[in-house]
Amino acid sequence: MTNLDAYRISSEPFYRAVDSEIELFEAAHKSRMPVMLKGPTGCGKTRFVEYMAWRLGKPLITVSCHEDMTASDLVGRYLLDSHGTAWHDGPLTLAVRGGAICYLDEIVEARQDTTVVIHSLTDDRRILTLEKRNEVVKAHPDFQVVISYNPGYQSVLKDLKESTKQRFSAIAFGYPNSDVEAEIIKREAAVDRRTADTLVRIAARSRNLKGHGLEEGASTRMLINAGLLVAADIPIERACQVAMVVPITDDPDLRDALTGAIAACL
Amino acid sequence: MTNLDAYRISSEPFYRAVDSEIELFEAAHKSRMPVMLKGPTGCGKTRFVEYMAWRLGKPLITVSCHEDMTASDLVGRYLLDSHGTAWHDGPLTLAVRGGAICYLDEIVEARQDTTVVIHSLTDDRRILTLEKRNEVVKAHPDFQVVISYNPGYQSVLKDLKESTKQRFSAIAFGYPNSDVEAEIIKREAAVDRRTADTLVRIAARSRNLKGHGLEEGASTRMLINAGLLVAADIPIERACQVAMVVPITDDPDLRDALTGAIAACL
Amino acid sequence: MTNLDAYRISSEPFYRAVDSEIELFEAAHKSRMPVMLKGPTGCGKTRFVEYMAWRLGKPLITVSCHEDMTASDLVGRYLLDSHGTAWHDGPLTLAVRGGAICYLDEIVEARQDTTVVIHSLTDDRRILTLEKRNEVVKAHPDFQVVISYNPGYQSVLKDLKESTKQRFSAIAFGYPNSDVEAEIIKREAAVDRRTADTLVRIAARSRNLKGHGLEEGASTRMLINAGLLVAADIPIERACQVAMVVPITDDPDLRDALTGAIAACL
Amino acid sequence: MTNLDAYRISSEPFYRAVDSEIELFEAAHKSRMPVMLKGPTGCGKTRFVEYMAWRLGKPLITVSCHEDMTASDLVGRYLLDSHGTAWHDGPLTLAVRGGAICYLDEIVEARQDTTVVIHSLTDDRRILTLEKRNEVVKAHPDFQVVISYNPGYQSVLKDLKESTKQRFSAIAFGYPNSDVEAEIIKREAAVDRRTADTLVRIAARSRNLKGHGLEEGASTRMLINAGLLVAADIPIERACQVAMVVPITDDPDLRDALTGAIAACL
Amino acid sequence: MTNLDAYRISSEPFYRAVDSEIELFEAAHKSRMPVMLKGPTGCGKTRFVEYMAWRLGKPLITVSCHEDMTASDLVGRYLLDSHGTAWHDGPLTLAVRGGAICYLDEIVEARQDTTVVIHSLTDDRRILTLEKRNEVVKAHPDFQVVISYNPGYQSVLKDLKESTKQRFSAIAFGYPNSDVEAEIIKREAAVDRRTADTLVRIAARSRNLKGHGLEEGASTRMLINAGLLVAADIPIERACQVAMVVPITDDPDLRDALTGAIAACL
Amino acid sequence: MTNLDAYRISSEPFYRAVDSEIELFEAAHKSRMPVMLKGPTGCGKTRFVEYMAWRLGKPLITVSCHEDMTASDLVGRYLLDSHGTAWHDGPLTLAVRGGAICYLDEIVEARQDTTVVIHSLTDDRRILTLEKRNEVVKAHPDFQVVISYNPGYQSVLKDLKESTKQRFSAIAFGYPNSDVEAEIIKREAAVDRRTADTLVRIAARSRNLKGHGLEEGASTRMLINAGLLVAADIPIERACQVAMVVPITDDPDLRDALTGAIAACL
C-alpha cells in the first residue's frame, strides 16, 4: 500500500459554500461517482476540491493537464533514476492504489490518450491496466476521479468526447455572490471590508463587459491581488489597474471602459 | 503457453439481452470470425463483451484505443525493466498466444498502423508477425478479435479502411427497451422501480432531442448515475440536472429543453 | 545464408485462376521483374501471391505497410534484445539475403522513405545498402519484389511516385466470375452450392451499388463470412445483414437498398 | 538548500526609473505576487528585473523561452552525465528551492505545458510537483515568478490562457522619455550628450513610422549600438544606417523614409 | 584512409552517349565542380553516373534521398553496435574521406538539413564539419558531389534553395533517340531488333500523351520490362499492357488511348 | 581554455572590398557588437567573414543553419561517445569559451530556440547558460556573433523576430562592380581577363532578368563555375548554359531569354 500522507490536506482550507455543492459532492463520493467541476477560471474550483478532500479526510493528488501530457505522464513509466531502472507510478496510479481523490485540472487540454486512460476507472470496472508491467490494478475503494472543465474554453477541435462526458456527474460553479466574495477578499488580502466591497463592485462592472471584447471578467483571484497591493500601500485605483486591467487587455477602448468602471466605483 | 487467468471474468456479469446478439456472437465465435460491435456510447457494448467472454469461458483482454496508440503498444516491445532488457508481449500478442478474446475498444481512434496489425489475424492466415523478434506467432485456436465502433463518431478523416471493415461481421446495438432499461437501473443504482421508470421516461425525452443540438441523448450509464444520486438522498430533479444535463451541454436553450423534459416526467 | 523455411508455404493454397495472371507472374518472375498486383480489397491478391510462392517453391515474406512504417522497419536496425545489442535484419533484408518473394501489401500507405529503399532493388543494380552497417547486400538470385495497390484508395496526396511505378509490371485483379466465386464460397464456408449461388447473386447486386454511396461492393471475403454464419445456423437473411450490410454502412437509405437487394435474391 | 550565489547580481545595474514601476514591483514582491512586465522589445524589461533583483537582494534566474521549450526544460530531468544517472533540477526548480526570482522571458513563446507548470506556483498553493521524482516541493518563502510579455507579438494562435493571465499583476513599460533615454545612451555607448540627443531625436521620428510598414520603431538598444559605432569613429549618418535602418527593413520606401528621418535630425 | 573498393564499379556499365554529356562531366570533374543531372525518371541518369565513375576510375557512393532522411543519415552518428558504442561515418563522410563520387539521388526529397550539409563541400572550402566529433574533415582531392534533379517533380513547397542550385553545373538529360533506345532495349531485354523498334515506336506515341492526363510517358526502363516479358513468351500486346499501361494509369480513357497507341504500332 | 587553433584561418583569403564593409566590421568588432551580413547568395558573405577573421587574427567557427537545427546542436549535449558519456560543447559554446567569431550562416532557417539562445550573448549580459550542466558561461572577451541574412528568402512565416534583429548592426552586400568581379573570376577560375569580362557582361544581363521570373541572377560563384569549364576546354556558350542557365531554371521562355543574353555578349 502506498503512503499518501504527503498528499493529505493538513488544515481546513478556507471555503465558503455558494450553493449545495458540498452535499452534491458528498452524495457522488458515496458511490465514488466521477465528478466534473464546471466554471470559469479563478472562481474557486481548485479550492473547493481541496476543501472536500480535507472534509472527507482523503488524500488529494492534483494534476494540471496540458497539451503535451501523455498517458504515461499519468500512469507511470520505467525510469532511469539514480538507483538504476525502476518502475515509477504516475500520479493517477498513485491515487488508484492509495485511494486518493485524483483531480485532473483542465483535462481537456491533455491529449486524447489521457482521457481514454480514465475510462476503465470511471465505469463499474474500476480498474487500471498498466500494460508495460502486465499489471491490472484494481482501484482502492476510496479512489475517486474529479476533473475541472471551463465551458468558455472548449471548441469543436478540443472538447471531451461524449463517451467521456457521460461518465461524470457535474457541478456548475460561478463567482460567489457579492457578500461572500467580499468576505473572501477581506480574509485573503487582509484589507478592510469597505475596500473589499469596493473591489467586488468593480468586479461586477468588469464582468458585465464580458462578451463585449473581454474574454472573461475579473475573477475573485484578481480581486485578491488588487487587495494585496492596496494592503501594500498602493492606491486602490493604481492597484486595480495593475491587478485587473493591464494583465488582461491591451485594447485601448477596453482599457478605457475598465478604467471608467473602476473610477465609477470609487 | 501464457497464463491468462487474471483476464478471466470470475462471476457472471449482469447482462440483459436486447435482441439476438448472444446467438449471433456465438455463431461468429464458432469460426472465430472477427466481430464489430456498433452502437452509441454507454449502451452496454463493453458489458456485452464481458458477458460473452464469461459465457464462452474465454479470457478477455480489453484495450482502450486512443490516437497516440501505436502498433508496438498492441504487439509488444523490448523494455528496460527492473530485471534488465526483456521482450514484453503487448496485450494483443498476449491474447494471440493465450487464446483470449481481444476487445479493441474504439479502434478507430488509434493510428493506422494499429489496424493494419490485425489484418493478418482477421483473415484465414491467423498469424501475427513480431518483426522485432523475427517470430511468426500462429494464433491460439480460441483467439478472436472483437472491436467496438460508434457510428456517431466517424468522419471522413477518421474511419476504418474498407479493407478493415470487410473482415468483420457486425452486431448493431441500441439502448435497451424501457422495461429492460428500468430493470437495469433498479439493479445497478439500488433504487425502487418507480424511480427507475421515471428516469427511463426522462431518458426517452432526452433522446428525442438528439440531433436538435444534442450530440447524443442520455445513456443508460447516465440514468444509473442519476439513480445513484437519488439513492444518496439527492432530490430526483437535482440528481437529473447533475447527472444528465450539466455534464453534456452548456447551451442555455438546450438546458431549458432538458430541464423541461425532466419536469414533465415527475 | 538465412534459413527461411518458416516462410515457405507448406501446402497448396486454394486458388482459382481468373485470367492469365499465373502465366504473367511466371514470366515476370523469370527475370525477377518487380510485380504490382492491382485490385479492390478482398478479391484475392494476398491469396494469389501465396499461391504463386507455393507454385514457384519460393519463401514468401509479407509486410503489411502502414503510414508509420519507416525504412528501418523494412531494412533492420540495431536492437537492444535480451542477449545485448545486435543487428536485426528487417523483413526486406531477410528476403534479399535469403531469396524470398517479398510482398509489400499496400505499400502506398507507408512513408516515402520505404518506397525509396526498394529503388536499388528494383532496377538492374539489385542491391540493398545497409548504411548503418556499412554493408552493401547483393540480392539473392531468387529475390523478387511484389507490391499490392488498390486503385480506389489512391489520392493526389498519397500515391506512388512515377519513378516507383515505372519499375513494376502490373497485373489487374477483379472479383472472380460468379461460377468461380460460388465454388470458392462453397469450399471456404462449407455451405451447399445453392447457398453459395444465392450469396453470389446478392454480391452482384451489392456491387452495382458501388458509386451510389457505397465505397466498395461486397467482397468475396464478406460472402465467405456470410456463408460461415449460415453454416452456424443463422438464417441467411440475418447472416447477410451481419456480414454484408452492418459492417460497411450506417446510412439508412443504403441499408434499405442493400436489404432490398438481399430480399430480392432469396 | 541550493546555493544560488552564482545567480546574484553583484553590482548595481544601471537603471533609470520611468514611472512608479519600482514601487509597484516592491509592493507585489511583498506578497510574492506573480508579476508580468509588458512592453516592446529593447525597452529595458530585462534590465529592470536585474535591477529589482539587486535592489531586493534576491538571486535572479532568467530563462529565455522558445517554442521548443518543454516543461522538463524548466522543471528538470534525469540526465546521463559524466558521473552516471542523476536528477538535475531545471532552472525553475532551482529558483523554487533556493528562493530566487525566476524571470521567464517571453513565456508565451513556450509550449503550453510550460505555462501550466507555473500554475500551482502562482496561486496560494505555492508548490511544484516533480512527478518523475514523486516529490512535492514547497516554494522557498522568497520565490517569486516574473514573466515578460510583448503585446505586439501575441496573436489568436499564440497567447497566454486567461487562467494564466489572471494570476499576474502587470506593469506596463514603454521607451523612456527623451531626457532619460539620452542619459542612458551617453552612459552605455560612451558618447557625448549632443550625440545622444541627436540619436534620441532620430528614434522619436523612427517610432512615428511604426504602423506605417514598420513593425517596431528603433529601441533604446539600437540607439546604443549606433552610439557605439560613432564612438568607434564611424560617421553618425552611416552608424545610424548600420544600427537602425539596415537591420530592420529591406523595403526601399521605408529605408528612404528612415534615411530622411536621420538626415532631418543631423 | 578508408578503403572504398566495395564501391568501385568492377566492369564497364553499358552506356550510350546521347550528346556531349561525357565531355561535360569530365570537364566538371577536373575541378571537382559539383554536378547536377537533370531529367525525367528512367532515362538513364543513374546508369550515366555509374559509367562515369567507371570511366574516371573513382569509387561511387549512391544515396537515395527521401523525405525522412536527416543530416545524420548522411554524415554519421555514434551507434550502439555489437562491439559497443562507436562513431559510424555516414555515406557522405565515407566519400569525403575516401575520395569517392557521392551521388545524391533526388536530393530534393530530403529534408533541408541535408542540403545545407553539402554547402561547405560545394564551395572552395571543401570541408565537412562533424560537430558531434568536433572534427573538421578536409575533402579528399578526388571527392566530388553529384545530384539528380527531376524537373517534373519540383513544386513551390519542395525545391532546392537558390543558394544550393547556384553551386552546381547542370547537365540536362532526355530519352535517347529512337535508334539508340532500340539498341539499348535489344541488349538489355535480349529481344530482336524488330521487337525493340516496335517498342520504341509505342514509347514515342505514349510520350506524346504526356500532359494530356499522363504525368510522364513510358521510360526506357518500361520498354525494357515489356521486352523482357516478350522474351518470356508473353504476346507483345499483353506485355505492353502489363509493363506500360496498367502500372501507370487507372483512368479508362487514358488506358484506351494507350491501348490504341500500342495497337497502331503492331 | 579551449584550443581553437583548428579554427584559425592560416593564410589570407582572397577578398576584394566593395565598399566600407571592412571598416564597419572593425568598428563593430571593437565593442564585440553582433553583426548581420545581408545580401544575395554567392556574393561573398562567407568569404568576407573568413577574411575578417584572418585580418583580426580570431578563430572562426561557422555553422550552416537548417530548419532541423535545435538549440542543443549549437550549445552542446551529453553524448555517448567511444569513451563513455561526456559533455560535448556545441560550436557556439566552443566559440563562447575560446573567444572565436561565431558565424551562423542563414540563421533564419533554424528553429526559434536557436535564435533565443543567442539573446543573452548579444546584449550586455554576454553569458550563455548551459542548463543541462547548471553552468553559466561568461563569454571570452573576444567572442563575437556574426549572422548572415538573405533578404530575398524571408517570408512572413520565416523571419527573425524583431527582438533578435534589433540586437545586430547590419552590413549590406551586393555583387561587386564589374571590374572587381572580373578580377575575381580571372583569379579563381584561371581564365584570361577577356573571358572574365565576357562572363561579367553576361551576369549583368542575367541580373536584369531578376524579378521577371528569375528568383536571383547569376552569382559571382556561378561565373567562376563557367570560367572553370572554359578553362577545361568547354566552349564558352556551352559552359554558360551548364553553369548559369540549366541549374537555375526549367522554364523554356526564361531559358531562351538567358540564352539570348549569353549570345548577345559573345
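For clarity, chains are labelled A, B, C, D, E and F in written order, and residue numbers in each chain start from 1.
Assume contacts are C-beta pairs under 8 Å (C-beta built on N, C-alpha and C of every residue); 3 or more make two chains touch, one makes a residue touch a chain.
What you see is a predicted model; the values in this text were computed from it and never measured.
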Moving step by step through touching chains, the smallest count that connects chain C to chain E is 1
Chains adjacent to chain B and to chain C under the stated definition are none
Across the interface between the identical copies chain E and chain F, with over half of residue numbers shared counting as same and under half as different, the residues used are different
Max Cα-centre separation from chain A goes to chain E
Per the C-alpha means, the centres of chain D and chain E lie apart by a whole-Å value of 52
Expressed in whole Å, how far the mean CA point of chain A lies from that of chain E is 60
Taking each chain's mean CA coordinate, chain A and chain D are separated, in whole Å, by 30
Multi-partner residues in chain D (2 or more other chains touched) are 80
Check: ring from chain D, direction chain F, yields D, F, E, C, B, A
Contacts from chain B onto chain C in the complex sit at residues 20, 23-24, 26-28, 30-31, 33, 36, 38, 70-71, 78, 80, 84-87, 111-113, 115-117, 119-120, 123-125, 129, 131-134, 136, 151, 154, 161-163, 165-172
Touching chain C in the complex, chain E uses residues 6-7, 41-42, 46, 62-69, 73, 79-82, 88-91, 94, 105-106, 109, 150, 152-153, 188, 215-216, 218-219, 221-222, 225, 228-229, 231-234, 238, 242-243, 246-248, 250
